[in-house]
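The block underneath contains the structure these notes are about, expressed in structure tokens.
Labels A, B, C and D are assigned to the chains in the order they are written; within every chain, residues are numbered from 1.
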Amino acid sequence: MARKEYAFYPGCSSQLKASASNYLTSVNAMCKTLDVKLTPIPDWNCCGASIGYAGAGELQRHVLNARNFALAEAHLPGQDVVATCAACWLNARESKEKLHGSAQLLADTNEALKEAGLRYEGKADVRHMVEVLIEDFGYDELKKPVVKPLEGVKFAGYVGCQTNRPFGIAGESFENPLYLDKLVETVGGEALTKYDQKVTCCGGALAFSEPEKSQKQIRDIVEAAYDQGADMIVTPCPLCQANVEVYQSEINQRQGTKFAMPVTYYSQLMTVAYGGTAREAGLDGHLIQPVKLQELAAKK
Amino acid sequence: MTKPIATGQTILVVGGGISGMTAALEAAECGRQVVLVEREPALGGRTGRLYRYFPKMCHPTCGLEINLRRLKGNPNVQVLTMAEVVGIEGRRGDYRARIRIRPRYVNERCTACGDCARAVDAEVPNAHNYGLDRVRGVYLPHPMAYPQRYVIDPSLVGSADAGKAKAACRYDAIDLDMREETIELHIGAVVWATGWKPYDATLIHPYGYGRFPNVVTSVEFERLADPAGPTAGRLLRPSDGREAKDIAFIQCAGSRDENHLRHCSRICCMASLKQTRYVREAWGDDAKSTIYYIDLRVIDRFEDFYQSVRKDPAVRFVKSKPARIAQDAATGNPVIHGVDTEGYHRYAATHDLVVLAIGMEPEANGLALPDDVVRDSSGFIEGSADGGQIGAGSSASPLDVNRSVQSATAAALRAIKVIHQTAAAES
Amino acid sequence: MADNKYAAYLCAGCGLGDAFDLGQTEKIALKEGKMHVVRRHDFLCSAAGVQTIRDDIEREGVTHVLVAACSRRAKTEAFRFPAVAMARANLREGVLWVVAEGSAHDEVRQEMADDYVRMGCAELKKMKLPAGNPDAATNRRILVVGGGMSGLTAAIEAADTGYDVVVVERQGALGGWAQRIWKRTPFRAPYAEPQDTGIVDLVDRVTAHPRIRVHLDATVAETAGAPGRFKVKIARESGGVTEEEVGAIVQATGFSTYDPAKLPALGGGAPHVVDQAGLEALAGAAAGGAIRRADGKAVASVVFVQCAGQRDDTGTHLPYCSGHCCATSIKQAMYFKDANPDVDTVVLYTDLRIPGMGEDFYRSAQRKGVTFTKGTVSRVESAGDACRVTFRDLILDEEAVVDADLVVLATGQVPNSGVDIDLPDDDATKAQQVSILNLNYRQGKDLPHLRHGFSDSHFICFPYETRRTGIYAAGPVRRPMDMAQATEDATGAALKAIQALENAALARAAHPRAGDLSYPIVRLEGCTQCKRCTVECPFGAIDEDERRFPVFNESRCRRCGTCMGACPVRVISFENYSVDTVGSQIKAVDMPDEFSEKPRILLLACENDAYPALDMAGMARTGYSAFVRAIPVRCLGSVNTIWITDALNAGYDGVMMMGCRKGDDYQCHFVKGSELAHYRMGKIDDTLKQLGLETERVVTHEVAITDGARVARLIDDYVAQINEIGMSPMKGFG
Amino acid sequence: MGATSTETNMADPNATALARYRNDFLKEVEERVEEGPWVKMCMQCGVCAGSCPFGPHWEHSPQKIFMMIRAGKRDEVLRSDSMWMCTSCYNCVVRCPRQLPITQIMHGLATYAHRLGLAPKLQPTRDFSLQFWDNCTRTGRVNELKLTMGVYFKDGLAAGIRKGWEMRRVALGLLKSGRLNPFELFGGHRCKDQKGVAAMLKKAREIEEQRKRAPG
């Protein structure tokens, strides 16, 4: 019997060989240490993401998310749904709140769900993995398993948008959330609290459709990290991670910068601090190698 | 502490700001008995901490002096300071009020000679200046403080400093054994004049108050402009003491905002217009003021004042609720980001100092009021249904000084009416 | 007189005993001051110290007390002896705390203290304990002029508090504007919907109230007298006059609407264009149903034009903002939306001014679908059966037009405030103005206007301080306002009226010298009928009889002493404040000879602001010259030029006067006192020249209560200047 | 008559909408656009305009769009590409003093414009949005490779190859770091119950259509 059990909603990007597969790897390792059992929601589906709107209607988005809830309620009763992807968490929670706000919408949703032989009871709650860490464990608990404090590594905590707004984590400020810095300090790293781009938007899905505009955002995010003397950026969001890491080469190409700023996940920091290997921490999944972290992981 | 004499014919006024003093004095000058209760060690309230009033640019302490003289000459008013109402039972015409009185550690023998203050080293934040500077731990709240009697900060009690202060007093006025006490008064009517407090600016995250030293509130700015304030009246910015000549005023800081205060605080527009005058007077043609606003609410003849400021080339008006403030790392200058909605112009404006025209929150929001006292969605006091308890001044509605005094004067009559009708019913 | 017993009490506390040779000071009080009793106490404000004074009063029959200790502003609870005349010599804030420390200054410090004791004794000798006007008037009824929401509120509040009330209403029925509007703006949570005005109920209560008498179709033909004894002639339209005696007056004569015909560019007077009052009429007719225009067409679209003929800086229309109009238009837009949500309602505004909880009302209107557009309207014209409104959309930054079945102009409030008495009598507009109160006062028929014709108070801290004691303006006649403010204001005015007549009955002064029993006493036999006092009294308290002698109306008087300062033959005085009480202090100072290099500066300081500022300098230990001798005066207006000439004759080297700010934003608590003083001193130069003195020997300053540091600087600079000029040649000739 | 009108219905939803609402665009938005009823609550403070990361690239800020809606500028609004600039960062939402769900309204307006066939034809975000939805609903999960290819090749083969070449570094990097799987092209992740997913979405669409046709 694990210490804590959750209905896990990994989301599309965290699947095997998908853009955030290393996120999933590190999350699994981290949870193993914390004795958390994540049971994937059987046959879960995409949340529709924010960007799906033009094709989707309002109801269709809610139905997508309701399906995941319905499955969780049916197969993993009593367990909170936990998402690691910011967008998954946001969209699921947004749908849940809308459906609870409107009997009409709820009825319509269930009418549609019937087609898939499902029914949404509105029982299960959805939470982000970071919420679980902070609220169900707390910084002190998270500190206990640390065997390899990330001493001397400077982290720019890049929170981004969707874990932060509109819902926020643990009631922190939208403009200057501190939880990421606190997590960094929990695992013995140095949090660069003066990093002033922590909630700047990376362009999100528009990194695809409006690359120039998005890369201007990304440039600010990376530059500010350099200004603070960061060794690497750490983030809770797969899309932020992908955008900020992947496009640095593009920006270098287009604007002659020499960016090579690693972008990691909080879960990777924790896995390493908890004594996990580079592989367990998914450190092999980077275009820009988080060398300092890899070295620590390698240390016996 | 001698317990005041009170009967069912006595009016209890809660709050010793300008509204409370007015309600108390107007009733007393009609020959009624009043007990005036103030939480702070001295009377005066918020207006006592303003430098000047709009639109006359006159000094609040001028009116305070007159009111204090009325008070000193009028035996009908009994004043209790460092006192809070902790409970009121009963009904219109027949209340029992419990009042908790905190120890001042200085008794009525104090001559305000100041020897005790000079004897101590410990310093505490200066409440009169909203903590912008510090004062000796034994202090007179401000030069015009009434009662004109020193106070010992509780943090000193039991310390060597307290002993030094006691030793320095030649009149046996320091009593370190004073204890908190609660008294009960029989009264006939209650006027709630608990006033307002500036909304907690740290909650307005995009503006960075508390993170950026050069973002201050309008009430703090009053202290900066006041010759009796922490900078002796010079407009110097907190981060580096540099002269602040280019100053931004952001309206609706907390007000008209479902995330903060739902109401419009009424006074802020005029306050900022007034404060641009401070800037003008301080720096002449080097002065630069910019007012970021949604609607400029300067009603009735205040319009004259507005028009005169409009004509001042040193003042700019931008119709915009700024989105956020950033801080220039090198200079510490606040940079305001937003969009001028009149025609849509994006700006990133650098200033020396930003003043948040902070909203008025009812002070009563922090207090436990009797159940039968009705309050609106923002917490302003409408009074009790039976009319025995009355809201006055800015505790009843966000009001400027002039309207607060009108309201307090009306409250005085309503209280007297209660007393009169009770007496009539009994006789 | 014979049984007067004078006593001086010297305090040795707060370091006074150490700093001064009080033994010497005692002798001075005895010998020069001619005190019968002189005592010293180490801690005079202590219970024991105060008791010695009480004992002397009760057992020794002391009638006059000089307390030589701290400032008259300090320890007032301890030194309160209502039964005796009292003076205070300010040795602490006025000497010890301002004269530089160190033995080098012992001599001048001692001289200063001794002089203040001399002055205190001299003042005391000339003082009487004010007995109060023996023929105080005691009428306790209240006259309310105007039977609208404000007037009726004042009436009912006063009556419910046990006072009889007389209401005079020009119209044939009570209710005023309130009974001509459909609904009122909400004044209570949730601030979401228009509310019933409640005027019908109020009128019923007033009509039925046993303490209220109502005169309809009536106006005030004449008002004579003073608080506690007003005689009011009430003229009925039908002819015939009733006289009512009242103790105080509330003027709640309200407002008229600005004539839309003066706004042709905005369609004023054109068909399908109404003002807010006109819309209320249409709404009343519709009674909750579809609102129809005059031609019977149901309105499908309506545009509200805010600030119509208001906030006008061209000088053509109203320069002010009437405050209520934004909320009123929101309310009126709701009339349409509530009757039919499909009616197109647009409010064109520049600043939406709905302070306080008005924000909720605004939100409520948006929820109902009222459209708010920030724009400035340039033209309203007929377009077929509709109106076309041309405006600049300030958000979209473009010229725009909108057509509507009906256009509502939010015009402003014009106060019904009677005659502007400050206009010259030959002024054309003044000739057309119809008086409201018809006061038979020497200074004019109505309450003085403050600005734009409103009879508001000039004082921020004291909104009810009109310049006519016992007469209070309430509601929109005092300042543009909505109904909620008007009822609040009227309630306050009712209290002030009650207070005024209660004070009058006890011969007490009204604000700001509340409770003062002294009053101006005139020796008519010496009067030269120069009329200065009657002209200059800031409160119009003094009339003239047929022989042009001044007639003082004590209960109108505020005890500022401006008349005393004005009187060239010095026949006006107060029992405890007179040409003598001050003059004798001036003369009491021990004047060093011209070789002493010790100049003497007389400082006459307004007791309201300048004198506290001097105290503040003391408390902050901001030193100033020991050569100055300060005397507090009730107001610079009370300064009689004889004091100046006496001082100069007595050998003073200079005279300073410190009073409140004058001019448009004056801070003088007695309105014109400071102004008059400056004016009078402007004329004193001739006198100085006659005496062969430099004009610099008399200076006047405007001083604020916050000027603690500045007053010290002014004094020191002046002493330096006097040293430049040299000692007065008048010494020894006084 | 009835027949023809139903034809126009089928043929041109825009014409239908126009016929239905005539010049009351605000009403149209309230009834047809997600969170549309909030539009009227804007008080024109402009905090949203200043809060948007892509603000500098907008023609009309949200607050201005709301004003245009009230002013009945239907074509300008629906043909605008401004709402397509929304990155879903929610800055405007958390700062709006009237708590308007601005992000959702922007999405709603964009969707509505697209459905009426008024959205700018070559709006890249519009294309991506459609492709994404299509991609994630086809199998119930996103197929990142197909999605990417789809975006690259939307303007034809040549353009696709060029774009692919430009992005080769990225692609290679992802490939090497095991975050991109070439075999996704042939299948890839999917929901088991694809039929059910499709059916429920179809149903949802039907219900929504019907609601919007008969609002309230």
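FYI, a residue touches a chain if its C-beta (ideal position, glycine included) is under 8 Å from a C-beta of that chain, and two chains touch if they have at least 3 such contacts.
Only a predicted model underlies this, so the values are computations on that prediction, with no experimental measurement involved.
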Query raised in the report: By C-alpha centroids, what is the most central chain here?
Result: B
Requested in this report: Could you tell me the distance, in whole angstrom, between the mean C-alpha positions of chain A and chain D?
Outcome: 24
Report summary line: For the pair chain A and chain B, the C-alpha centroid-to-centroid distance in angstrom is 46
Report task. Take the average of all CA coordinates in chain B, do the same for chain D, and state the distance between these two points in whole angstrom. Result -> 51
**Report entry** Touching two or more other chains - residues of chain B
**Finding:** 206, 256, 319, 324, 341, 344
Report summary line: Contacts with two or more other chains occur in chain D at residues 43-44, 63-64, 91, 94-95, 98
Query - Residues within chain A bordering two or more other chains - result: 174
Report summary line: Every chain pair meeting the touch definition is listed as A-B, A-D, B-C, B-D, C-D
Query raised in the report: Across the complex, what residues on chain A touch chain B?
Result: 173-176, 196
Requested in this report: Mind listing the chain D positions that touch chain A in their complex?
Outcome: 34, 53-54, 57, 85, 87-91, 93-95, 103, 107-108, 110-111, 114, 119, 124-130, 132-134, 136-137, 140-142, 144, 148, 151, 167, 169-170, 173-174, 176-181, 184, 189, 191-193, 196-197, 199-205, 207-208, 211
Report task. Please name which positions on chain A make contact with chain D in the complex. Result -> 12-13, 15-22, 43-46, 48-60, 62-64, 67, 108-109, 111-118, 161-162, 165-166, 174, 200-201, 203-206, 208-210, 213-214, 217, 246-247, 249-250, 253, 284-287
Query raised in the report: Which residues of chain D touch chain B in their complex?
Result: 43-51, 55-56, 60-61, 63-64, 91, 94-95, 97-99
Report summary line: Per the touch rule, the chain D residues reaching chain C in their complex are 26, 40-41, 43-44, 63-64, 67-68, 70-71, 98
